[in-house]
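Structures for review follow.
Okay, so subunit A shows up in both of these, paired with subunit B first and subunit C after.
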Partner chain A sequence: MSGNMNLTLKVWRQKNDNTRGKFVTYQANGISPDMSFLEMLDVVNEDLVRKGEDPIHFDHDCREGICGMCSLHINGRPHGPKQGTTTCQLHMRSFHDGQTVVIEPWRAAAFPVIKDLAVDRSAFDRIQQAGGYVNVNTGGVPDANVIPIPKIIADEAFESATCIGCGACVAACKNASAMLFVSAKISQYALLPQGQTERYSRAQAMVAQMDAEGFGSCTNTGACEAECPVGIKLTNIARMNREYLNAKIFKEIEVH
Partner chain B sequence: MLDSKVPVGPLAEKWSKHKFNLKLVNPANKRKYTIIVVGTGLAGSSAAASLAELGYNVKAFCYQDSPRRAHSIAAQGGINAAKNYQNDGDSVFRLFYDTIKGGDYRSREANVHRLAEVSVNIIDQCVAQGVPFAREYGGLLDNRSFGGAQVSRTFYARGQTGQQLLLGAYSALNRQINKGTVKMYNRHEMLDLVTIDGHARGIITRNMVTGAIESHEGHAVLLCTGGYGNVFFLSTNAMGCNVTASWRAHKRGALFANPCYTQIHPTCIPVTGDHQSKLTLMSESLRNDGRVWVPKTVELAQRLRKGELKIADIKEEDRDYYLERKYPSFGNLVPRDVASRNAKEVVDEGRGVGASGVAVFLDFEDAIKRLGEDAVRAKYGNLFDMYYQITDENPYKQPMRIYPAVHYTMGGVWVDYNLMTSVPGLYALGECNFSDHGANRLGASALMQGLADGYFVIPYTVGDYLAGLGFAPVDKNHPNFESTRKAVEERVHKLLSLKGNKTVDDIHKKLGHIMWEYCGMARNEAGLTKAKGLIQELRKEFWNDVTVLGENEEMNQSLEKAGRVADFLELGELMVDDALNRRESCGGHFREESQTDEGEAKRDDENFSYVSAWEYKGDNQPEVLHKEVLEFENVKLTQRSYK
Partner chain C sequence: MSKSKPLLFSTLGKKLIMSLTGLFLCSFLIVHLIGNLQLFYNDQGKAFNEYAYFMTHFTPIKIVSYLLYTSIVIHAIYALVLTIHNKKARPVGYAVYRGSANSSWNSRNMGILGTVLLVFIVTHMSQFWWKFHNDQVPYIEYRTDLNTNKTTATELVAGEFTDYMEYVDNGVAITKARDLYKQVAFTFKEWYWVALYVVSMAALSFHLIHGFKSAFQTLGWDHKKYAPIIRFVGIWFFGVAIPIGFAAMPVYFYLSN
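What follows is the complex of A and B.
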């Protein structure tokens, strides 16, 4: 473990969605390699507050890599240089003394900037609201063990369900496509028996909302998969395309 | 006099009979009522969705950018349910008994039994929603065992059970938002409760993007706002977790119960330095296969810390597996409070490990030998990765270092059997209330309680209250809305006028040190008395010397933080008062003056078998204690023993 580091930060500052933003340079001195990236920003912010300057605003909450609230484009990569890691779990040992670190918000038309590095990701919520559920009410459901689900299927559904909804896939994509995010949810339900009855209407509704929100198209580049902090696979997109195609063909026979 | 409204009759029949006796609201009339739900974790999301399904109008609020971010998402280990799928002797009564005992006989029998009863429905509900629980090769659900229990009743989804359950509840909530039955307000923080004639009739919120201070009216208000562990600054809670909603409700008349009951979780990653912003928990399911140890002697521990010895140099006979030694029948699976206190004890003796000496080992060497590295990876892979990520040490190759950290608060807003607080029309669900875990919560029971309250309790009990109200809409022009909104605005402006030399975090960290030192894993009269004075001084320092930047009409994280810390500074003193009053040890509350010869927590059932419910009497006034006497008709109170 090396000693403390001094870094130069170039941080995107923007008062709100209606004002033009710009990069502002800050020095982050005496940074311990054991700090998380957000703790490094905490240190910078404490300095700013002491100087009477508005701290850098960024979204974060659990700081355990699971809530999906932290974001940040760091040196051109969503969630920074380390693969399979959210910004809150990125540690300063991934950087070196004297390095310049460029920090930007997610860049996507569907994710407008609220302030500085915080963006509005409510488009993701609206896509989930369009169909990301099984239509069951509380109560009156069968015993949990009535329908056996092969372990391999349950595990695969879990792999899709593990998406944290951070938006790194959109930020990584040159078209700002949300296909990886949407396909993860569609896959989870397409795999499980509980999701079968509405699989086609779900695929159509979620895809339609995704398009309405202004996310771009998928060109199978795979940047989303490469940058996803929780390893959501590109095969989900293939499955979503299949679901969507089947929906076009079979929609009529689905009972409502 | 506090009326818990626990129904009469045999324990196992109370809830069924009570459900029958509760008044119903006609389906056609439900839409005439509006219910406000604050917080969208397991309790809030499940309640909002279930109530909307019934036909009520629901307004739901969360401070995060999406309801899916609530901190329930970070729960790792699992959720208990008395399914007895494993044929190992589990039953509703056993889950009830374990929870009462685990809570060190400081919870209400009837509430806990109801929790155990509905636990089985939760699993059914979640599976129907498409929650991908872990399964056996035959396709049926898998279970594991958890601390404080001798049966395998914990359902799980790898180490991400909370995430999967919350996303299930979030999906149910989304379905209702789409139908227009729930109106969702993201990035809104509740800053006060509006009462009319003593009844909860609305809330005041701040839009965290625009700064707009808004009034929202409803026939009932549900607080599902989680716990107050962040009073310690460092805890496993999310950065935004706060007590503000409950504390504001407390100041409007809701009694606050057992604030001193905090849970210090034994398996967290130790602190590394002053920069640390939070602590990371690792599921206690790790204790199923990991063995806790420290070197037998102080001398060996010192040499290890200095790097003169490597871990491998410490021979098997020089390792003290102290939990296995002291508690042969439960071993590493003793309840959280016992495991935490024992870790503190060996560290205080000077046998701690790691550079700071404030840690113990959790060793998987035996498990890897027995099961193979792949099997261990399949069970705990994400936890091992997380540990590796944070510490830069590979737990497959060397033991983890762990130390206890603040994790959960058993205390909270006082509620009766219907989950109603002492303010009519105001309810508290999930961690936010005090009701089910007594003085210590067992592992995998928080998820169970949050979902039990939201899916299966509140949909019945809130109707009983609403049915007695009539259909008149809440008068949003009532002067109390305006006066409460004004009070919130004034407070916001007061905070923004603070232009001192300290940052909010400076004060918060100081508060955390005081709480951890004097109101943490062990407490005594002298320390608590000292802490009370220190907190009062710190509160003055906050209002005199803190600086809050920016303006209200924008996203302003300085302002958000300042408001929350101001409330923690008041809550902290009440926690100390409560700890001073309770001159017994029980569960997570360890008073050094009250211990057995073996150093275990010693209860005083004669004098303290009650819930402490505190009433706010005005700023800087002592709060008034109300007692709800706990009656045990079905379990015999014994000194807890996990030997």
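What follows is the complex of A and C.
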């Protein structure tokens, strides 16, 4: 077919977290520019399976850009060269014929490699479980919209809640800091009336879990915001700092 | 679930220390620059030398100066602690990492810029602060005729008096002081000191363009109305005006020689 591309892939292959990994070079031939990046890897994997080799392991699920499962550090950037996109929504037309593409897993101590390009992001789950929830009273079902929330606040909380937990912020950050993720998860509740009960214990618990998981600290480079596929803003991090410092310095709520 | 650690042991608490010490050091730069503008007076250094005596002998200023030295040390130590922590967070690095695609160079290299500044501060203090405090600067006597208001200056031999004197004798106001001004003029006769100072001020500029707004972000002071002001002050005042003001001093002395 005309217009199809041939690419050279340098893919990180690693058996598991206890073994050393290395780059292996593969040829991806006859790739349509309309394919997604993951479909291109599917083509390469079908070839590997036919040859009886171990296919490249990578995370994926919905392939619609909403689940946050796909990862991949492509040519030095999380989710590849485009901004505001996940790897499944990255099309091969963003590359050119004959290009060499280096594919690496997310690199962070808190994200150990499971195999090849797939990393264990359950650290995010544990941070969420530490405080990313609201308590709900039992009793009768409350009426919808019974609590008035200004539109501007509702919108801001919604924007924070769009975080899909993909980990691109950690991958992009030179310190492997998870602050954009954690701050988005703290913000979505801190902004809303429903989240006030646990407001200050939440900030403390989630930050404590973030530190315990071994993520780095923030140096405000803004790389996370630039690489976030859903556009989570740095202002969330400022809000998290505010919530946390406020809880630690001015509030009596302690988290044990 | 992990226990919430005391404030200063958490990553956010350590960042708070960086932010507060950093902003304190920024405020010092303003005072230091304004004071040192007296170097540009064409008065054989009289105002500057009097100012130098005042700054080293006025108790509240002395207290603040020790707070300042402590801040420099704490800022550097916490930077080191945080950098080691951050390196540990990514034990295996990327083969390809395009940081320039998503962040500015100076924001990613605050440690290198800070190291340059630390070396500069040590050099700067050994050249002036140490020599001033250890009697290694020349002495000078200013005689101002109170009728004509004319001032003459003569170099004094060290050891004739201690520290500082100010008195009126026969219609002539006499001031004897350590001549730090001459020490400044002497140092900046050499092109390499001028070069070091100018390069260091460039590092200061890049450090503060990121550092000033970053400090406010760390404190959580982010507001639609005030963020643009902080950004503006960080870039144009701390990033441009202050470093240029400082760099102008060695250049001025070098050129006027």
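Please note the rule applied: the second predicted complex is superposed on the first by the 244 of 256 C-alpha atoms of A that agree within 3 Å, B and C clash if a C-alpha of one lies under 4 Å from a C-alpha of the other, contacts with A are read in each partner's own complex, and residues count from 1 in each chain.
The criterion applied here is as follows: contacts are C-beta pairs under 8 Å (C-beta built on N, C-alpha and C of every residue); 3 or more make two chains touch, one makes a residue touch a chain.
It should be emphasised that the depicted structure is a prediction, and the values quoted were computed from it without experimental measurement.
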Partner chain(s) touched by A:T162 [first = subunit B, second = subunit C, both, neither]: first
First (subunit B), second (subunit C), both or neither touched by A:R107: second
Contacts of A:N75 with subunit B and subunit C, given as first, second, both or neither: second
Touched subunit A residues, subunit B compared with subunit C: B
First (subunit B), second (subunit C), both or neither touched by A:A172: second
Which of subunit B and subunit C A:L245 touches, first, second, both or neither: second
Subunit B versus subunit C as contact partner of A:A130, first or second or both or neither: both
First, second, both or neither for A:R13, with subunit B first and subunit C second: neither
Shared contact residues on subunit A - subunit B and subunit C: 129-130
Complex contact set, residues of subunit A against subunit B: 1, 15-16, 32, 34-36, 38-39, 42-43, 46, 49-50, 52-55, 57, 59-69, 85, 89, 91, 93, 114-115, 118, 120-122, 124-125, 128-139, 141-145, 147-151, 154-155, 157-158, 161-162, 164-165, 188-189, 192, 194-195
Footprint of subunit A on subunit C - complex, ascending: 1-5, 7, 10-16, 82, 85-86, 88-99, 101-104, 107-108, 110, 210, 213-214, 217-222
Parts of subunit B lying in touch with subunit A, wherever the complex brings them together: 46, 49-50, 53, 64-71, 73-74, 83, 85, 121, 123-141, 157-158, 160, 162-164, 167, 170-172, 174-175, 177-178, 184, 186, 209, 238-240, 272-273, 275-278, 280-281, 386, 389-390, 392, 455-456, 459, 501, 503, 505, 547, 549-550, 554-555, 557-558
Contact set on subunit A toward subunit C in their complex: 10, 12, 23, 73, 75-77, 81, 102, 104, 107-110, 126, 129-130, 172, 174-177, 204-205, 207-212, 214-223, 226-227, 234-235, 237-246, 248-249, 254-256
